[in-house]
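Look at the two complexes coming up: chain A is in both, with chain B in one and chain C in the other.
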Partner chain A sequence: MVLYPILFAMDNAMKTDQQVYAGLTGWLSNGISLHNYIDIYERVPLLRIIWNTFAISSINTFLTMLVSFLASYVLVYYRFKGSDKIVGLFVWSMFIPFTVTIIPHYLIVSKMQLVNTWMGVVIPQIFSGSAVFLLIQSMRNIPLSLIEVAKLENISDRKIMCHIVLPLVKPQLIATSIWFFALTWNDFIWPNRILKDTTSYTLPLILQSFISGEGGGGFTSAMAMSVITMIIPLILYLIFQKHIIETFTSAGIK
Partner chain B sequence: MKRIELTDIKKAYGETVVIPKMSFSIADGERLVLLGPSGCGKSTLLRMIAGLENIQEGVLKISGEDVSNVAPGQRNIAMVFQNYALYPHMTVEDNITYGLRQNKVPKEEVEKRLDMVLDMLDLRVYRKRKPKELSGGQRQRVSLARATVKNSEVFLLDEPLSNLDAQLRVSARQSLLDIHEKFKQTIVYVTHDQIEAMTFATKVILLNKGEIQMYDEPYNVYHHPSNVFTAKFIGSPSMNIMEHVHIISNFIRIGKQRMVLDREWRGYLEENTNYFCGIRPENLRITKKKSEQEYSQIEATVQYIENLGANFAVYLQVEGSQLVAVIKEPDFDVNEKVYIEFLQDHLHFFDGTTEKNLGRPASLHSQRQ
Partner chain C sequence: MELNQREKIKSILFLSPAIICFVVFLLIPMLYTVYLSFFDWNMIRPEMDFVGLDNYIKIFTDETTYKVLRNTFSYIGIILITNFCIPFVFAFVCKFVLHKFANFYKTTMFMPGFISLIVGSVIFTWILNPIVGPVALFLKEFGVKMPVWSTTEGLVIVVISLITSWKSFGYNFIMLYSAVSGVSGEVIEAAQLDNIPLRKIFLQIVAPMTGFTSFYMFVMTIIQGLTYVISPIDVLTKGGPNYGSSNIVYAAYFKAFYMFDTGGAAAMAVITLVIFGFGLFLLNEVVGKLVYYEN
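Now for the complex of A and B:
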């Protein structure tokens, strides 16, 4: 069920429009042909766009994880006045509709003169309520006595954070990172506001122009573009699959 | 030398006062056990000594220095937790040496201490394993090892044996004693298990609702409990406590019955006041036949008999209350009428209002100093 659309796109990406309209069905009925891909490569700065997408997804994931980890650590292990309310604020922020924050975010980004840059896309996203919430829950699952033992051994807060808490929330961090990476990769609306010219585009943005017919092309070109957009995260997952699964299963046996 | 001193310590969580006002000191090298029922404040006290709970009022001194506001890591204290608190992602040897390495102890010294403790606690085989690959008893030993390598003057233990089965507890207690023998730390040990307390401690503090009931060596806590609470808490089965006991000339009156007081006791207590009278189950004697001597015994009915293995516990109905006796061989049955004698050398009288132990005449069995 999940595979069908993927295979459909891959198949049709290798045909010409005429062949599709002529009703040519059957997997690989035209043989393997990369003509659509070559066509795309000539028409748009494809490698540059792939690089943009990859960079933005990676930077966003990394910075979000970093900021969320530090914020969660403070909120869990330092009790101060209002710390409970701040946690509540993060949870509440998860429910704010995306459309509400687009304009204020845009204004901030343009004031920072980061329109049409990677950081312009990334910065408003790194303060993620859901990442903080998830990490807070994971940290609360760590028995407090572990931290107390470390305190008694005169271990500094920084070392407690890096040597003890971080390794113990690693599975959750990895899971959240994967999810964020995929989310950012496929994001359309926000990058569409910030990125202005084709050389700055991410894959979903350029894909859109293929589908809507702005950049010309046709059905099979759009299929080829779809394949490119989806294939890279898929390959990444296949490469890291073993590690991801190992991390999750080892977290279970405690 | 006083290793640990607490003066006027108070601790409350919001409205709930856990420890109203407490002062005591612990001598160097003592094995002190904090004993008491759940909620009595013993863990709170231990955590305040460790620095894991802050002290609201009062002063805590360790080795003469005021450490009331000093961070736990600066107090030169080692602690063993009930759930062992081993770092799950580190091996046994990393767990043991982590604190030393982070505090820049030279490598050779770390190696030396690690070696010593691995041998002492029989952990050499497990040194590369992670906690999840160890049994409960092994984890407990690692936890002990980690605390021992610190070479600290004070050793705190929070119910360290409660997750172990009976046999393991005995061997773990022995390991602890070996460690104390070698390093002579001042040990503060929290437990609700009185057997653990009595076998391990050189001194016991019995706590109830944040107040010290008795602070003495185990022998005195057992044989000369300072109040009714202590008398009832220590010993299994518990000491028999009879209420509303009166002295009338040379007799004790218990309910409607009377018993002659031994010569030594006469004149020691006042007449016309209420007392609590206590006697341990092993200091009762039961006979089927009524004695010729008048008023030397009390009548009772046998309710049921429990086989304890080495002895029998006999539950008796006397004047509407229950008494327990521990004897070797019962020669009677349930529902039979029997006669009880008290070994009056081992009687206790407690004040009817303050519940304090009123002591004994000098000629009788007295406190060990």
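Now for the complex of A and C:
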């Protein structure tokens, strides 16, 4: 049930429209043909779009992880009066529906003249309550005694952070980064507002034009475009799936 | 915990990027949206006209608002069943009855979580194409003609819910599975020894004991029903037919960026926040009491 749509897309991406309308056939029954992909490449600035998507996802993931990591570290290990309130605030911010912030975000980005740019897409998204939540959970899973021993031995704070905590949360950090990378890669609503011409688009944006056949293509082109859009995050998922599932699982066991 | 001077400086330094981003991109925008809701504007004119509660009144006297509200609850209702109750039960079954396949299910079901909702929309649109899609052809064998769901009021919501639930089912399943795993096996075994039927074990023992995680997932599922549906709606129906697939979040989005009624959109967003916040508050109280009694 879950896999069917994925396989459906991959299969039909290789066919021509006539073959599809003729009736149902087995998977990959007409052999592997890349004509749809070549067609898309010629019709649309595909490489540029893939590069946009990749760049925006990477930058956003990097900045979000950096900001969240620093914040989580302080919130977990330097508990001070009110730090719990901040944690609560950050975590509950996950639940805010985007409509209350999207209009001002758009206004900010256009005032900063960042419409149609990568940073315009990235900057309002840097703070993420869920990133902070996941990282805090991972850090809390490290036994506190480890840190205390290190402090007693007068190891510098910087060393504690880089050589003890960081390596221990590395799997979760990687998993969360991959998750955010995929999230940004697949994002539609916000990039749709900010990116205006085809050469600036990300993959989901150009995919939209294939839905009604505006892009000039038919059903099979849409399938091919879908495969292109989903393949990178899926590959990342398959490589890192163990880490990813573990991270979410342990975040849930609290 | 007392912090020395050096640690204080470090805390401020490390925490400040997050706090700055939080204030600039979350807090201030929220307040500004509330501010905007009292004006009539279209995002382009240099002047905004103060209209007080006009936008709110317009929304409450508009018939489509109530249609949209009903849709909102429909979406949430459907997705709570498909993406909260079902994964919850399934997680319980996987954990305590079908041990072996849990990992396989977790891995495969999570895949759509990494796929864009747009991709999901495109693929499902064609699978469910009323004329040449596989489902239509399959139904034709039985002499059933498939309705054109994109222009049929009730069905649109079902299809869009289907796409959304396909995407987040895996994530919800994994989280609920780990919540269920957190319940001690001994309690379950003791209950089984007492010959308590599985159904009761689930409802009266396991479910309450999953505490915060299931509460979190309940809220997350509602959010999924509120915000994840926006992408398919924008791409497939734009809220149609006649606002039949729009929900309160999409209506605000539509008002803002398609009708350029900035004040109205802001008002709608504020109303959404109030309803949602109030709902959350109520939920918190109710669950708080339940959790108290479990011990």
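Please note the rule applied: the second predicted complex is superposed on the first by the 232 of 254 C-alpha atoms of A that agree within 3 Å, B and C clash if a C-alpha of one lies under 4 Å from a C-alpha of the other, contacts with A are read in each partner's own complex, and residues count from 1 in each chain.
Here is the rule we use: a residue touches a chain if its C-beta (ideal position, glycine included) is under 8 Å from a C-beta of that chain, and two chains touch if they have at least 3 such contacts.
Note that the structure is predicted; figures quoted are calculated from it, not measured.
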Have a look at chain B and chain C on chain A after the superposition and call it: clash or fit.
-> fit
Touched partner set for A:I189, first chain B, second chain C, both or neither | second
When the two structures are overlaid on chain A, which partner does A:S145 contact: first (chain B), second (chain C), both, or neither?
-> first
Once the structures are superposed on A, label A:I164 by its partner contacts, choosing first (chain B), second (chain C), both or neither.
-> first
Looking at the overlay, what does A:I155 touch: chain B (first), chain C (second), both, or neither?
-> first
May I ask you to decide whether A:V100 touches chain B, chain C, both, or neither, giving the answer as first, second, both or neither?
-> second
Partner touching more residues of chain A, whether chain B or chain C | C
After superposing the two complexes, the shortest C-alpha distance between chain B and chain C, in Å, is 7
Where chain B and chain C land on the same part of chain A: residues 253-254
Which positions of chain A touch chain B when the two form their complex?
-> 143, 145-146, 148-155, 159, 163-164, 167-168, 253-254
Enumerate the contact residues on chain C facing chain A in the complex.
-> 1, 3, 6-8, 10-11, 14-15, 17-19, 21-22, 25-26, 28-30, 32-33, 36, 43, 106-127, 132, 134, 137, 166, 169-171, 174-179, 181-182, 212-213, 219, 223, 226-227, 230-231, 234-236, 249, 252-253, 256-257, 262, 265-266, 268-270, 272-273, 276, 280
Taking the complex as given, what residues does chain B use to touch chain A?
-> 50-52, 71-74, 77-79, 81, 83, 85, 87-89, 98-99, 102-103, 132, 146, 150
Would you tell me which residues of chain A are touching chain C in their complex?
-> 2-6, 8-9, 12, 20-21, 23-24, 66-68, 70-71, 73-75, 78-80, 86, 89-90, 93, 95-108, 123-127, 132, 157, 182, 185-189, 192-193, 203-204, 207-208, 210-211, 219, 222-223, 225-226, 229-230, 233-234, 236-237, 241, 244-245, 248-254
